[in-house]
Amino acid sequence: MTSKQANLEAKRIVGIAAAGEVEDGMAVGLGTGSTANYAIIRIGERIREEEIAVVGVPTSYQSAIRARAAGIRVADLADYPELDLTIDGADQVDAAFNVIKGGGAAHTREKCVADASTRILIVVDVTKVADRLHMPVPVEVVPYAATGVARHVGRLGGDAVIREGVKKDGPVITDNGNFILDCAFGTIEDPENLETSLNTIPGVLTSGLFTEYAEKMTVMVGGDGSYRILTRSDRVPSR
Amino acid sequence: MTSKQANLEAKRIVGIAAAGEVEDGMAVGLGTGSTANYAIIRIGERIREEEIAVVGVPTSYQSAIRARAAGIRVADLADYPELDLTIDGADQVDAAFNVIKGGGAAHTREKCVADASTRILIVVDVTKVADRLHMPVPVEVVPYAATGVARHVGRLGGDAVIREGVKKDGPVITDNGNFILDCAFGTIEDPENLETSLNTIPGVLTSGLFTEYAEKMTVMVGGDGSYRILTRSDRVPSR
Amino acid sequence: MTSKQANLEAKRIVGIAAAGEVEDGMAVGLGTGSTANYAIIRIGERIREEEIAVVGVPTSYQSAIRARAAGIRVADLADYPELDLTIDGADQVDAAFNVIKGGGAAHTREKCVADASTRILIVVDVTKVADRLHMPVPVEVVPYAATGVARHVGRLGGDAVIREGVKKDGPVITDNGNFILDCAFGTIEDPENLETSLNTIPGVLTSGLFTEYAEKMTVMVGGDGSYRILTRSDRVPSR
Amino acid sequence: MTSKQANLEAKRIVGIAAAGEVEDGMAVGLGTGSTANYAIIRIGERIREEEIAVVGVPTSYQSAIRARAAGIRVADLADYPELDLTIDGADQVDAAFNVIKGGGAAHTREKCVADASTRILIVVDVTKVADRLHMPVPVEVVPYAATGVARHVGRLGGDAVIREGVKKDGPVITDNGNFILDCAFGTIEDPENLETSLNTIPGVLTSGLFTEYAEKMTVMVGGDGSYRILTRSDRVPSR
């Protein structure tokens, strides 16, 4: 098995495991991306096999399309302002359960759904786990503000690059009509503080830093044909 | 002269006075709304009369349309990331120069432009000046998040109402494609803290509270056929 | 009863009558505006009173919000690509059942839903019925194209005005993020041809002319405490 | 030189040649994509070298960013409703100068600019020239309408697929906030008729078929270290 195959297999295993946490009658936030999609497919199977009633609240056009394809009834946050559970991937998770999301440009709606959920399952393969966050932070900004936000990010010690599309010329546009700035800060010393700083820049909609939800979060890590539940440290290790 | 006529006359006087601050070679942020529009018209006249070169950076479709009609060359924040001056109205200004904006649903771009400016002229009629802010705060939110944001606003002690359109059925949609929640908090005890709290709610783009720019702000107040420059207090009066 | 009260009463009567056409198990397109809203409220009542199962597909943020408030389960066109029935208002209906819509800026989604429906109930008060269409035609355009579309409309013999907001400065923005041009053509000689001409202008999303759906359309006209079913002429009267 | 290098070299040569057609005082529509970008860079050089005054009207966020980087003054169609020249790429050109565009998801604004131009230079490498159009036609649609439009395309004999993003999960979103449906029709017998048919589907903003502009179009084809001007046939060859 190649490394890429192993990675896909890890995502599949952990996605399926997370789908096992869904119970009859639940309203479930449906994350975006490849790992969340394995969970979506499995929830659909369980709805048919076990005849459970589950409503899914998608976090993107992608997860809405996939939920429909999987046979999950789709609803809106306005229909279910409180969700029992959200299953979502992540780009990086640290030891204290601070998370970077937004590689798929869907983190604004993902944060809304996480915020509305009683419990959050973060499903990742082992490559996403790190002692401290060091990936670039995706920040969703209105196009009008891109230049100004990039300057603010610079003042915060970061380096902001507009994410470019691949099957679309020019900047990636989010489901909300905005740009993504990928903001490299190196190792992030104080994620909570950085999240607040990013939020207060004019023209920023949402950063991909999730630092508020560690207490209701379970992190499931796939790898080597199985998965494990990550134990949360009280704090990230000092350097 | 009726009260409404007097009000319009106050706006006109202060708008024209602000336009007098524009100098040859400046890049100027152009606010949105009736008072800012008097400034826009007058800047256009000065460009023709005095042959000065001025570039305007609009804060809305409205101010772009009006600037073109006035003969001002229009550019983008990406062209002029640093502005010499911004002229803009406000819905309420307190004694310490905290400001509420967003009655015209344009406050996100207005905040970006204010942020990019060396100097800000706030042009208001006398009815907008208050010791302490007590108007509802307009908050721009992605439609997906409206229900969740309203709940957060409730936890902050406010009451959020989706602003309804008049010549459009249903919610007002902003130039950025979002909703406006008008959030009534009564008298606002700590505007700076409230601005930060609103910014950190998932799905909030920008609140209409401007608390960061008092030091570079001049407040010009029209009324009774003339205008005056407001003196800033170090702090808002305690109750 | 004043004229305005009579008008509201006519809308209420015809909206309620249309709701009576909904049957158990139907997927129903829910129009936007005051008349459609009376139908939405009544459908909600019938769901509770008669325990019928009805799914509503809204045509706007407004009708989604109102359907939820009325207790109707809301779904998407992607969930129900074929609808049994749509109930919607109109700004003007001619003798051959050509319709002008878009006074509420919701006509793009309304046309999608009408197109997907087996049967369309148009609910209007008597002031909306005319031998020939002569109201301005609302046309939804991307903001980038507004100037160019206005010129094309001029070449077609019309006069285009950007619709201005009331509780929002500058142009009305639709739920899709676009402008509305209200295009006055006087009496419209050939609605079908005009609809095609408008559709082919670059930057036009949808015109408010509906000329394709007469055969599946029932027009219900409220007035004088009751309603009547309008009889369709084969053709509009010649002048 | 590999085939890919030869292709890039062809794009570069023809882009530079097109930039040579720009004259002092012109307002120029700036297309989107790799070939148009070579023209943009060269126009910027000419502005500096020859001190000519040129204003560029971009057709996308991408071409606006690139024009600024190249030192071209950027304006809006509202500033210049009539353009002297547009330089743009294409995905396929037939013998009668019908064109398919939209590979970069920018064809709506590109069509607006083409429409506003006195003269259009289409710059392509030789692989884009065909006797008859047979590439899938990109169609920009509002997300709400995607399912319904796909059904209509099926009735027209086509096969519609939602374009998926690469550095964004789920559908590509255009600069206007919409989806792209790539619609395969095989060889297109009657491009003009198909363009009209696509335009009249509810929820369609713009198709990537350009059939109206052949008379004002010059097609410049790069390859083998030089370029040639394509001669237009009166009609596409019959099969």
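Residue numbering begins at 1 within each chain, and the chains themselves are lettered A, B, C and D in the order written.
Please note the rule applied: a contact is a pair of C-beta atoms (placed from the backbone, for glycine too) under 8 Å apart; a residue touches a chain by one contact, two chains touch by 3 or more.
It should be emphasised that the depicted structure is a prediction, and the values quoted were computed from it without experimental measurement.
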Chain pair with more C-beta contacts, B-D versus A-B: A-B
Label of the chain whose CA centroid is most distant from the centroid of subunit A: C
Computed distance of Cα centres, subunit D from subunit B, in Å: 39
Mean-CA-position distance for subunit B and subunit A (Å): 35
Subunit D: positions in contact with at least two other chains: 65, 76, 78, 177
Subunit A partner contacts - residues on subunit D that touch it in the complex: 32-33, 60-63, 65, 104-106, 143, 162-175, 177, 179-180
Contact set on subunit B toward subunit A in their complex: 76-78, 81, 108-109, 111-112, 114-116, 142, 144-148, 151, 176-177, 195-196, 199-200, 202-206
Subunit D partner contacts - residues on subunit B that touch it in the complex: 64-65, 68, 74-76, 78-79, 177
